[in-house]
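Presented below is the structure to which this report refers.
Order of writing sets the chain letters: A, B, C, D and E. Residues in each chain are counted from 1.
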Amino acid sequence: MTPYLIFVLKRFGQFLLVVFLGVTITFFVTHLTPIDPVEESIGAITQMGQSDPNAIELMRQSLRELYGMEGSIWQQYLHFWLRLATGDLGPSLSAFPTPVTTIILRSLPWTIGLMAVSTLITFVLGNAIGALAGYYRKTMVLKAVSLVFIALLPIPYYILAFVLLIIFGYLWPVLPINGGYEMNANLNLSFALVLDILKHSILPALSLILVGAGSWLIGMRALVSNVITDDYVVFAELGGVPKGKILRSYIARNAMVPQFTGLAMSLGGIFNGTVITEIVFGYPGIGNLLISAVHAGDYSLVLGLGALSIVGVAAAVFIIDVLSPLIDPRIKVE
Amino acid sequence: EDYTSLPRKETLIVENPEGTIKNPGWFNIWVNGGGGVSTGLQQLTMDTLWYIDPEQGLGGATWDNSLAADKPQYNADFTEMTVKLRKGLFWSDGAEFTADDVVYTVKTQMDHPGMIWSAAFSVQVASVEATDPYTVVFKLKKPNARFHSIFTVRWNGAWIMPKHVFEKVADPLRYDFANPVSLGAYKLKAYDPQGKWYTWEKRDDWQRSSLARFGEPAPKYVTYTDPGPPDKRTIAQLEHNLDIIHDNTPEGMFTLKEKSKTIETWFPGFPFAHPDPTLPAVIFNTQNPPFDNADVRWALALLIDIKAVDMASYRGTATLSALGVPPTAATMKDYQEPMQDWLKNFEIDTGKSKIKPYDPTVGQQIADLLRKQPKFKDQIPSDPQAISNAFGYGWWKPNPKAAGELLEKAGFKKSGGKWMTPDGQPFKIRITVEGDTRSVFTRAGTLIAQQWAAFGIDAKAVPTEKLWQVALQPGDFQVAIAWSVETWGGDPDLSFFLDSWHSQFVAKKGEVQPPRNWQRWSNPELDKIIESIRGISADDPKGLELGKDYLKLVAREMPTIPLMSYNVFTSMDTTYWTGYPTIKDPYTDPVPNWANSRLMMVKLKPAQPK
Amino acid sequence: MQPLVEIENLKAYYRAFLYGVDREVRAVDDISLTIARGEVYGVAGESSSGKTTLIKTIAGAIRPPLRVVSGSVKFHFGGGTQDLYAMTPEERVALRWKHLSYIMQGSMNVLNPVRRIRHSFTDFAFRHMKVSKSVFFEKVANHLQRLKLDPQLLDAYPHELSGGMRQRMTIALATILTPEFIIADEPTTALDVIVQRDVLTMIRDIQREMGSSFLFVTHDMGVHATVSDRIGIVYAGRLVEEAPTAKLFSAPLHPYTQHLVGSLPKIGDPSTRPSLEGRPPNLAVPPEGCRFHPRCPKRMDICSQKVPPLVTVEPGRRVACFAVTGDQL
Amino acid sequence: MFTIIRDLARQNMEFLCGLLLFAVIVAAVILSYFSPYGATDIYLLPPDMPPGSEYWLGTTSRGQDVFWQLTIALRNTLFFGIGVAFLSRIISLVVGLVAGYAGGAVDRVLMAINDSVMVIPQFPLLILFYFVLKDNMTWAVLIVIMASLGWSYDARLIRSVALGLKSRPFTTQSVYSGMTMRKILVEEHLPYVLPIVFATTMNNMIWSIGMEITLSVLGFTDIETPTMGMMIYWANAHSALISGIWWWVAAPVAVIVILFLALFLLSMSMNEYNDPRSRLNRMGS
Amino acid sequence: MTALLHLSNVTKVYRQGGMLGRRLITAVKDVSFEVGAEPEILSIVGESGSGKSTIAAMILGQTTPTEGRLEFAGKTVSIHSRSERTAFMKEVQPVLQNPFEAFNPLKRVDRYLFETARNFYTSGKRPDRKEAERMADAALHHVGLTLEEVKGRFPHELSGGQLQRVAIARALIPQPRLLVADEPVSMVDASLRMAIVNLFGRLKNELGLSIIYITHDLATAYYISDNIIIMRKGEIVERGQARPVLDNPQHPYSRALKDAVLAADFSAVA
């Protein structure tokens, strides 16, 4: 076996351990929830309707049986892993008997689509401006642009998103503000649909980019001002290598290395969804699903989403570690 | 088909207050499977035997025989109910609706615990059979004069299942009922797999549905959608992209009124909102001291300045009630108005003095107060009857002195500006409020807490998500802002909520309380009233008198402090449709998640020619 | 002797604000020297005496807080005369690498760590050679072979090479365009003695082959003895002695040089070596007069009052010490 | 100390701006103790008054003075952010330094814990805590919970620096001076990671305050304690943006931006001051 | 009489690449030597990577040998508890390579002196501040400094020579019997180099200290040491008394090493 393969295998073992620990913690915390999915269901059923107390007691019993909520928490824990081994996350308790996987898979592509694209754009944009601002320290335009992004950073996301919405959806209504596509759209794949989906993603993506770029920018700027004094940069400058080339191939290329780990983390983090984006822009996705699952005490759904996110983050970090020798040739894996 | 929206002029767009539907493809309304209900499913495609309208109803009566041809027929001891069905009604797939469907509905649910009405049928029904294709006979396990209410739509009811569809299904509990077969005037056209919208299309054979009795529904399409948080609904309606907003913040309503020329509301002026037949109140957990003491409860009531609460919560748009029924529709004339004299003379004994706590002029005062704000001046009614309809008849006068006396009577002491309980502890109250979900009541709770705190009580409002499940059901609260009173709206019979207030249903401390009577209050006098109501038929005029007895009892005992009706800020845009229900033509509740709102479809008129 | 580089009265100071105190470090204080075509000129001296600063100033590698206060650096590349501090930045960039290359201190670590070495060659040299890529790399390969480097190493990353190989790579990079003037700052420190020897001989060979001038710095006198034609001794920012290598070692004139040469232990010579007492001078507040006088065994009264001028005592040989030259002025 | 500040202020525009902005924040926090209105009292003033001479930043729809409300909210939010940052910094310092220095099994165990915390989805966890704790979910508890979620990434950073410090010769010198591990970590290594600690503090505060606001907007926090999030929550509950009460939202947003610009400018110029290379760079210009 | 330090057949194998790697590197291969009971300076020379520092680390107890035994004053070196470690450090102290790196630039240099004084007291009780200062001053005297010159100073306020002498003074405080100096002069310039090397000679004579002097520089090894070990690739290729060995090296590698020394003696090159 090559040393690299051994490294990958060991690293994979670590990945499994982290997933195991993370899911275990999430399992027990979710089961602490005081919301009983059965009571939640009864609440939904009796909402503004009939409520013969005797009938409700009967309903309670039959639902408890139906949802398979018997057994100690340890049995349920064991059961959970056994089921998970076959890729089954069990039925959702708030949308019984629909499988958790079905529910998640319905929203997931939207979350991934929006978040992955905007995370990447944010990453590129933030780092590009950060690198430029770190290298050309005196340029006023860059200073101003960085300042704007840095000032956007602490603005509560909810407000920023809402202001965008008011501007582009009300004061100057040019962009759609609700949903992932037009209401009553024909959902057969067509060019028009794709265009419509893109149009609907502009505002959510823009809001994510505007609040997100600042932190990449700050990080990159600091990294660049460190790298800039490294010997190989000075040497290249003395060697008369053109400035643009120095910035791209020497400074940015080296400063990017630590940023990739951050990128992996945020790409992994997209499996958390973004509740506020989904609420403000009515964008489909798993963030809202998560909140409603928590509200409904639907711990099998919460756990499913939690596990997804844990695997997502851990896998992203795993992948970046495994790929790191490619990004930074100095990292040795022997 | 093109990638285009439906013709806007033929489409009615309605807010679905359930928001985004978690399991959008689930249409089996008989199983709680994460699908939507107010998506149009229950309003436009479901039907059952009878409806009671929360307002006045069409055809001159709040009572409507929908699938049934007539009112329910009981035998003398209320152990048997016979239903005659209408003829000539068809499911949207062409099958005829018959008694078999009704029998199937009841039997299937009884056979499948976990279905929504399963328990209710199991507890009551001994047998059900179709004696002929249009007659169903229920035999009951024990006498019940209101068994029919399970098939009577207030907000919803036990919907009738299509036997010909479900009998082919292996397990009705796990069947999603995709492509739902409709018994209403509309059928499913399309829905968003992400659960954001549902669109229904008028049936070609709409005439074969029960709604046809009232005429042809106007909108060809009806879309129920999740328009997002209140501010976005406001924007959408200002842009004429949303015909009916289900609910809004008071401020959102003011903004709409100010900025839009095409907005119609229940009241043309203040308080705009529709008072739903629900009674938000300060609910005490009467099983725990000191709230087991009526004097303490009364003292706390006398510390509330309802005008401030109104301004803080509804910003003046509340319809107040001092009585234990919501100040809406039928109850206005059946209870609120007739009880006024009694209220004016009603006395309580503080131990040191006797006072008359009622202030019949509160509505008037609020109107005067609002009229001072230039923005609203013209929108405030001045006719006394209109004021009473809009703002309620009156409420309790703040009386800190009497409150102090009552507390002292209950053994409390004041020391260093702080009230101490009889056992010497600081009097500490936590008011559980619902937080964001019903922000208006959260606002009310914080203000009441402030008023109590100003009197020397350590009072604070604490928001809890899932107030009902987390606090009310397990009885894990001291005081909450919520409601335990709901009425039919269009019918004075109080059994709808009152029956479950019987002491037989009050849970022990620490155990889960069945819905309603969250205050866990038991009272022998109340039990007697409830038992008397059970013994008479729903439309027996004696019911009204028993209802008044109940009102007097709870006024004396104050197990909850009734505040106001649940005012819903429904607004309707007249750009594409007119003919919405309003106080001038109150044919039904405009709040569109009520199944009764199907009546709107036949009353609407396109605002612009096609 | 044809001068290639003429340095006149060069002064270069560091100015620093430290905790509210304005501090000026006179790291190069009035140095003049001339380097001939084809000559190897070595600069030696204590640590912190200003060797690197001098060399930076000559190479035009000035970055704040270093400032050239006065003096000039003139090159006679291709027959003309270029004044380094009168040129535009563009002109300076044009000189670099084509006529003048500079191997900085720490030359083991000057290659971009995340790119293959091949790219460094493209970045630095390709522009100047008006040939196609393939011809260019053929030339590079030939050049590397001369330095006993396998051309395949072009496709390696710097960290995959040993320290010696990396230094040789840097040297290859600095010499590929056969510049007229090569500047190197401690090019062989931290190398194994055996490797160091190889590298030095190679540098020497290449320099001879190309006929370039070579200015380099080290405080290792053994290295100077091996490579330099002429040596300048720097003490506390000043040139205190300059002499052909053989003369400097066999008959040092300045007391500091004498100490430097005298203190070197030798294998086969077990006699006791003295150590120089006292502290190196602080360049922010250098001693008055001769900067060496506080540590000087031959100190006279005048040494603490007047700065000894650099006097030519015989052709190619200058020294700044009153004890040697007497109070001439 | 004073000379350093004066010095920095004189040469460094960024520092000066940061200092001024920070002074504004500190002044507001101090002012909050002199507020004429109770922090949670509502309907004391006419609602919806725009900014003007009587109410500088206007009043809210709840009849509160935005200015005074803001000072108190700022104070609470700042204490919250600082509390979370402080606690989480301590955890990440302990874990990072110990893991880096001790190495071996200790390192592996600590890093396994670290990574597990890193991958756990924070948001649902916070909401669940909120449900579980209900009334007991005070600010202090929230600070502790947030702190125990917000340390892992920075602990890794600190560990990587500590790994380098371990092989620095002065560490060996300390070991042979007989210092204990605690002493070496606290007195020798800590100063080296402090710049990272400061740099991450700002990010941590942005994160925690952002989280607080998100939780508040969703209605998951104590509504009786005025904070930035709570102000936005109430403004939102009163449709402030759509009904034109923009000052209710603009004021807290402006203050948060000022706070972070101040922190950012200060930490940036301080870092440059600490790093001789870039400090000298600046002087030449 | 037992030797002060005795290494018998010591081998050290490193696994490279941390917990992930598998490549084994034999840094030290079957090495035996001793430092006698009488004070002596033992030089270890050899090319880079030949295992010199690894040997130093093993002697200092920083790593344990993979095979073989290390005895100090007749006892196998075993460090398990903190008290054993303290006792051992009292006897064996290091001098580090780079004086500028050996002190935390953010801390005053006297701190290390006082810490050492307080942690390695020879008398019964832990010295107080005064006593610690006295001990530090005494040690500084041996290296030609006084406490006054050093007290309260930061590393950047001292010259390299001074710093290296402070470092040596610190190592002297516990009154050890062996100093392990791993390339103590490779980072200081020629004029300082002799000052330090001469100091070693004095310490041996005046304090009866044994010193293991690790270096690249054959000339200083020749100048100062009694005995010498020449290493290559983890193995000892030649050993003996320093001067005879260097005057006339036998092993080819020793000869190559000697040849590579660039003589500053000009006539030798010309």
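The rule is simple: contacts are C-beta pairs under 8 Å (C-beta built on N, C-alpha and C of every residue); 3 or more make two chains touch, one makes a residue touch a chain.
This structure is a prediction, so every number in the text was calculated from the model and none was measured.
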{"item": "Farthest chain relative to subunit C (centres taken as mean CA coordinates)", "value": "B"}
{"item": "Between D-E and B-D, the pair joined by more C-beta contacts", "value": "B-D"}
{"item": "Euclidean distance of C-alpha centroids - subunit A vs subunit B, Å", "value": "39"}
{"item": "For subunit B paired with subunit E, centre-to-centre distance based on mean C-alpha positions, whole Å", "value": "88"}
{"item": "Centroid distance [mean C-alpha coordinates] between subunit E and subunit A, Å", "value": "54"}
{"item": "Subunit C, residues touching no fewer than two other chains", "value": "63"}
{"item": "Two or more partner chains touched - positions in subunit E", "value": "19"}
{"item": "Sites on subunit B at which at least two other chains make contact", "value": "229, 231, 235, 465-466, 470"}
{"item": "Contact footprint of subunit D on subunit E as seen in their complex", "value": "19, 60, 62, 86, 89, 93-94, 96-98, 101-104, 106-107, 112, 115-116, 118-120, 167, 170-171"}
{"item": "Touching residues (chain side subunit B, partner subunit A) in the complex", "value": "1-6, 11, 13, 20, 22-24, 26, 31-35, 113-114, 116-120, 122-124, 149-150, 154-158, 173-174, 176, 190, 192-197, 199, 223, 225-229, 231-232, 235-236, 238-239, 465-466, 468-470, 473, 486, 499-500, 505, 512, 514-516"}
{"item": "Of subunit D, residues touching subunit E in the complex", "value": "108, 168-170, 172-174, 176-179, 187-188, 191-192"}
{"item": "Interfacial residue positions of subunit D with respect to subunit B in the complex", "value": "40-43, 61-62, 130-131, 134-135, 218-220, 222-224, 233, 236-245"}
{"item": "Touching residues (chain side subunit C, partner subunit E) in the complex", "value": "46-47, 192-194, 196-197, 200, 219-226, 245-246, 248-250, 259-261, 263-268, 270, 272-277, 279-280"}
